[in-house]
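Scrolling down, you'll hit the structures one after another.
In the two assemblies presented below, chain A is common to both, partnered first by chain B and then by chain C.
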Partner chain A sequence: MYVLRRLLALVGVLIVSSFLVFSAMYAAPGSPENFLVQGRTVTPEVLAAIREQYSLDDPFFVRFWNWLTNVLQGDFGQSLTNRQEVGDLLANRLPTTLSLVALSALIIVILGIGLGIIAGVRDGIVDKIVLLGSTVGFAVPTFFAALLLMSVFSVGLGWFPVFGSGTGFLDRLWHLTLPALALALPSAAVVARITRTAIREERDSEHSVMAIARGVPARIVLRRHVIRNSMLPVSTIVGVHIAGLIAGSFVVEYAFTLDGLGTLLVTAVQRKDFAVVQAIAIILVAGFGIINLLVDLLYAAIDPRVGTRHAS
Partner chain B sequence: MKRFVKRMGPLGMVAVGIVLVVVLGAVLAPVIAPYDPTVGSVTQRYLGPSAEHLLGTDQAGRDIFSRLLWGARSSLVGPLIVVVVTAVFGTVLALTSVWFGGLVDSFISRILDLLFAFPNLLLAMLAIVVFGSGLSTAALALAVAYIPYTARVIRSTALRERNLPYIRSPQLQGIAGPVITVRHLLPNVAPLIITGATINFGFAMIELAALSFLGLGVQPPQADWGLMVSNGQQSLQKGYPAESLLAGLCIVITVAALGYVGEKLGGRAAAGRKA
Partner chain C sequence: MKKKNVAVGLVAAVSLALTGCAGGGTTSPAPSLSTDDLLVTTPEATGELDLATWNLPFGEPASLDPIKAFNYPENTVVANLCEGLMQLQPDYSIKPNLAESVDSPDASTYVYTVRQGVQFWDGETMTADDVLYSLSRQLDPAEGSYWAGGLINNVASIEKTGDWEVTVKLVEPDATFNSYMVTPIGTIVEQAYRESAGETFGTPAGGVMCTGPYSVGDWNEGQSISLLRNDDYWNTDKVAKTKQVDINFIVDSAAIANALNTGAIDGSYDVPLGALSTLQNSTEGTLNLGRSLQLVAIIGTGNGAFADPAVRKALMLATDREAIADTVFEGTAQASRSLIPNNGWAYGNSEFEAGREDLTPTGVDIDAAKAALEDATVDLSQPIKIVYPSERTYYADIISEISNGASAIGLTVEPTGVPSAQFGAFFSDPEARAGSDAFVTNNYMDVPDPLAFLRTIVGTDGSQNYNDYSNPKVDDLLSQAAAANDEDDRASLVNEIQDIAMADLPWIPIVDPSVRLFLNNRVTGVPASFVYLYYPWAADLGASGK
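Then we have the complex of A and B:
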């Protein structure tokens, strides 16, 4: 029931937000046909033909309905700048963005949770370093991290390629390592900090103290009681940050000139290619919503109390 | 004041000091900056640090120190717009929905849910497509994206206060809702609003700098930290890292200082961020 309700809510949000995005593009100053002829003087007949071709004379709601039904069938229309099918453009770009986000997510989980656990378990200097690192790491904008990594490891040491996203699995991994690191850094910093706090709270909780008092070996207490229980709050934070990667990815893609959705979006925004912006916006909102939904469902699965609380 | 110092601790006071220095630099930029930030000279390109140019010059021969000072202005004004607009609208929406409850509350909540569906930067970029690029468009759009976070936190706290006797009793005496809300409810959520604004300021600074980096925020030749990072990208690859590096460090230090102050004030929860 809970799953169904959430799915319906997501569909509702998607329909309303696609309406919002569509009307925003509709209301934007500058008419598409002027954009298409790009300042050349053309006869009214040609203009009319263009308007006809792109169905610009139809009433607003008719246009919205046509667009929405086409999108649902996988047809996103044509790009205004180079006449390519938007669907094809997106399909070419999607793998890069997905790999980038997946790799970043992996780094966040390994680096963030790993460092957080170390800092939570060890006191003293290790803890201080991780704490300081997370305060600073959080404040580093992704584009600045991208620039630093690029100049040190690509230009300076030559260990990694400067741009492009590579072909084949290993080559792609090699190309995407630095961008994924840059993208993951601020989130990993936050996750490390939250994990540290959660671990410390669990360590001081009565059941852990009690287990130690019963003579259970410290390693087992740590593994079975402390880490397991502290992963509950950590899992939501990780989820929120993975969803957030979608928006962050376009800055990093642009900095590394990767051919992902983000770079496509930025150039489309710069050139006012409404068809492309519209399509990417909807896809990003959908991706964002789906990841958020999955995170909530996962959380409900880990902690059975959540589902009942939402349903009430 | 004494309580504030005690709460901040020594490191916190250093952070407050850093923020004050940045603000002073921005305010006094016309007085302190030795050169015009937008005018350079071809013969003075890529100079190292010297008595004449404290931090050297960039690829157009402009004084980097002056550009950092002037850049502090747009880098602070942008987030200020975001934070003020977010705080005002977030508070008004939250308090309205708490006071009336029922249909009004669910209506406002639905609208906020819808805004939650858009990643912040995406919303800003959509606004830029429609209204054109520039600092004010970017800042206002980002503010709209932040409103649901702020409103949610204030709403949940105000909701607890709503049924306490100090709110209920003036209501029974027939005092008007807006008066009670402003006189009694608002002061009790005010600390939350201020803490949230401090945390959001850092987020806004990073995201606005990112938009300027993408060429969608502050436009050249104006000085702005995010713009300077992207502007210095080519110089960096030629072996002159000063511009990008210094501007980036300015962002990192300011955001880290603000984040630390915010954390001491009440933590990220106050900004409505789960993290």
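Then we have the complex of A and C:
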């Protein structure tokens, strides 16, 4: 019931956000047919023919209504730029972005939480190194990390390819490792920080101190009381960061020339390619909503009290 | 010129000996590029290759339909797929191609004898009907050709006048018409295929059907497109040397530099300025500089102080264009002496070279600039707004150099960046231009004919005449030149037009960028001159034997 309600709310959010995006695109300067002809001087007749073909002269609400009713029937429309079905266009791009985001998420979880736990549990030099590393990781912008990784591991050492997203599972993994690392770096740094703080707080909390005092083995205290409890704030932050990856993937997609959604979105916005922008906006919003929903469900799994609170 | 490695091929040597040196630069000792150094082609390939990789630095083509191909990405690909009635050669000469011959009894009539025995990729034979259909697509507004207007408006009729003959008649005589048959205006597609493909023609789903040395293989959207060798190519002397060419769409200049410098990609035309420093020192390959038809210029909109020819003249004289060529373009461009890119002609060589010598040299002359400014009749205190697409930062560098020159003579120049979607409108929408005084252009001649190029800029109805320039004398000279059958006569008439254009300066020419071609050591053969938009360059690409 709770999940259903959340999903319905998500649909509402999707409609509102797509309307906002549509309005913003409509209001932005420039016109798609001018971009189509790429700054070439063409006759007014040709421009008129293009406007006619794409119904660019219809009033604003008519265009939005037509778009919305078509989407509800499963038709996302045609790209203005290359006259392709948006569905086909996205079907080619989605796997790259999804694999990139999945790989980054994995890196954030393993690297971020793993290092955070180590730094939280161990004091001294290990903690200092992780702290320093996370500061650097957070401070380095994604595009710079991409350039750095590329020039060291692709150009310098030749271990990884310099562009492209590969075909087949292993090839794709090989192609996407550096981009995913560059994309995950700042988030992993934040997650490591938060994990470390949460672990330290839990270690000093009354129930942990009490458990240790009662003679419960340190390992069990760590696993059952410290790590599990500290995962509540950590899962929120991981969820938010993973959801943000989809939108943030543009920078690495551009730097590594990956055929993902991010690059498609940016070119589509530049060209005022309505149908494509709308479809990607929907995917981004839906992705964000679904990941947040999953995080909330994960909450309930970590802490049973959370679930009962929502059900009431 | 220690920065560039110039590999001079045999053809290059021969052809450059013919063109000689037209470099001015008498007022400045700056090491500006002389035309002698510019290549026409690269050394011929010695062997075949199974696979070569290429890059399109301006991104993915939007369509493969020839009539929608009017820019670098589309034309660079389509040139290998679809062929014209005529073909532009690396030395800028024009040869019959899908036409066996052309006969022009006068400058208003062009009779094309269609070549027999030419097959489309699907094995169908090309007929005069395909030719008639393809040429007529330009006239049909529903087809939406980007090439419509200008030259096409002057077409009176296109008719099939024999089993293997198609005749084009023009309203006004135009000696440049035939040279446009090398462009998509003269490109032939299969009628039956075009009609059945409908709206998908030219897209990754629908593709195209042409006669060229390559056909379309996999189109991996957002990433690359494969060209596959046409083993049954009609011109058996020119069958492609490489079995498959994968063309990538990498646009980031750092990524391009890395891909070329590691050998992940074999070659690219138009390598971005940001990649030059890496590529000039590459051990993996060579940066070749080729003869070009390109021009970077500032176009007046007819507004503000820039509307006064005296102001434009003063700005040109005060701007250190040689510095722009040397720094912004890192020595890969020449300061422009004329609105006609240097060596941008296929006839009248001695006439054009002599005409060029009469023009003002390219060096800075502040005194002359100040003198020119005295003739100005406008309010000189108003800032001059020059618009550029903000994604292309090198324009900002160019405009800031112009601004330096302007302040030396008491003028103010303001660079204004706009997003490229908005910038595109400057070329077709007068309303978009309304608020600004000038905008930048990276222009190129469609065909190596100065008449065809100048006509678009200074003709009253010129397609690139953005400031309503109109001079009855120029219009008269343009029609005379278009009707002139003798090429030297035409060249000397064009020189007269050039003199007026360089005095009135509807555009301020800044630099002539050379072709920037990077080739890995293992490949060679492609032309280095600016013909890759219409000439099947990939068919010449092969192994260097190194």
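Quick note on the criterion: the second predicted complex is superposed on the first by the 264 of 312 C-alpha atoms of A that agree within 3 Å, B and C clash if a C-alpha of one lies under 4 Å from a C-alpha of the other, contacts with A are read in each partner's own complex, and residues count from 1 in each chain.
Operating definition for what follows: a residue touches a chain if its C-beta (ideal position, glycine included) is under 8 Å from a C-beta of that chain, and two chains touch if they have at least 3 such contacts.
Here the structure is a predicted model, which is why all the values come from computation and not from measurement.
Once the two complexes are overlaid on the shared chain, A:88 sits against chain C while remaining clear of chain B. Of the two partner chains, chain C is the only one touched by A:50; chain B is not. In the superposition on chain A, A:161 contacts chain C only, with no contact to chain B.
Contacts of A:257 after superposition: chain C is touched, whereas chain B is not reached.
When both complexes are overlaid on chain A, the residue A:194 reaches chain B alone and has no touch with chain C. Once the two complexes are laid over each other on the shared chain, residue contacts for A:142 go to chain B alone; chain C is not touched. Within the superposed three-chain model, A:13 lies in touch with chain B and out of touch with chain C [touch as defined at top]. When both complexes are overlaid on chain A, the residue A:73 reaches neither chain B nor chain C. In the superposition on chain A, the residues of chain A touched by chain B in one structure and by chain C in the other are 28-29, 147, 151, 155, 254-255, 270, 272.
Chain B meets chain A in the complex at residues 113-114, 117-122, 125-126, 128-130, 202, 206, 209-210, 213-216, 226, 229-230, 233, 236-237, 241, 244, 248, 251-253, 255-256, 259-260, 274-275. Those residues of chain A whose C-beta lies close enough to touch chain B in the complex are 13-14, 16-17, 20-21, 24-25, 27-29, 135-136, 138-144, 147-148, 151, 155, 190-191, 194, 236-237, 240-241, 243-244, 246-248, 250-251, 254-255, 265-266, 269-270, 272, 274, 277, 281, 284-285, 288-289.
Those residues of chain C lying in contact with chain A across their complex are 59, 62-63, 70-71, 141-142, 144-146, 148-149, 153, 199-200, 202-205, 220-224, 248-252, 254-255, 258-259, 261-262, 264-265, 418-429, 432, 441, 456, 463-464.
Residues 28-31, 34-43, 45-47, 49-50, 53, 81-85, 88-89, 92-93, 147, 150-151, 154-155, 158, 161-165, 254-260, 263-264, 267, 270-272 of chain A are the ones touching chain C in the complex.
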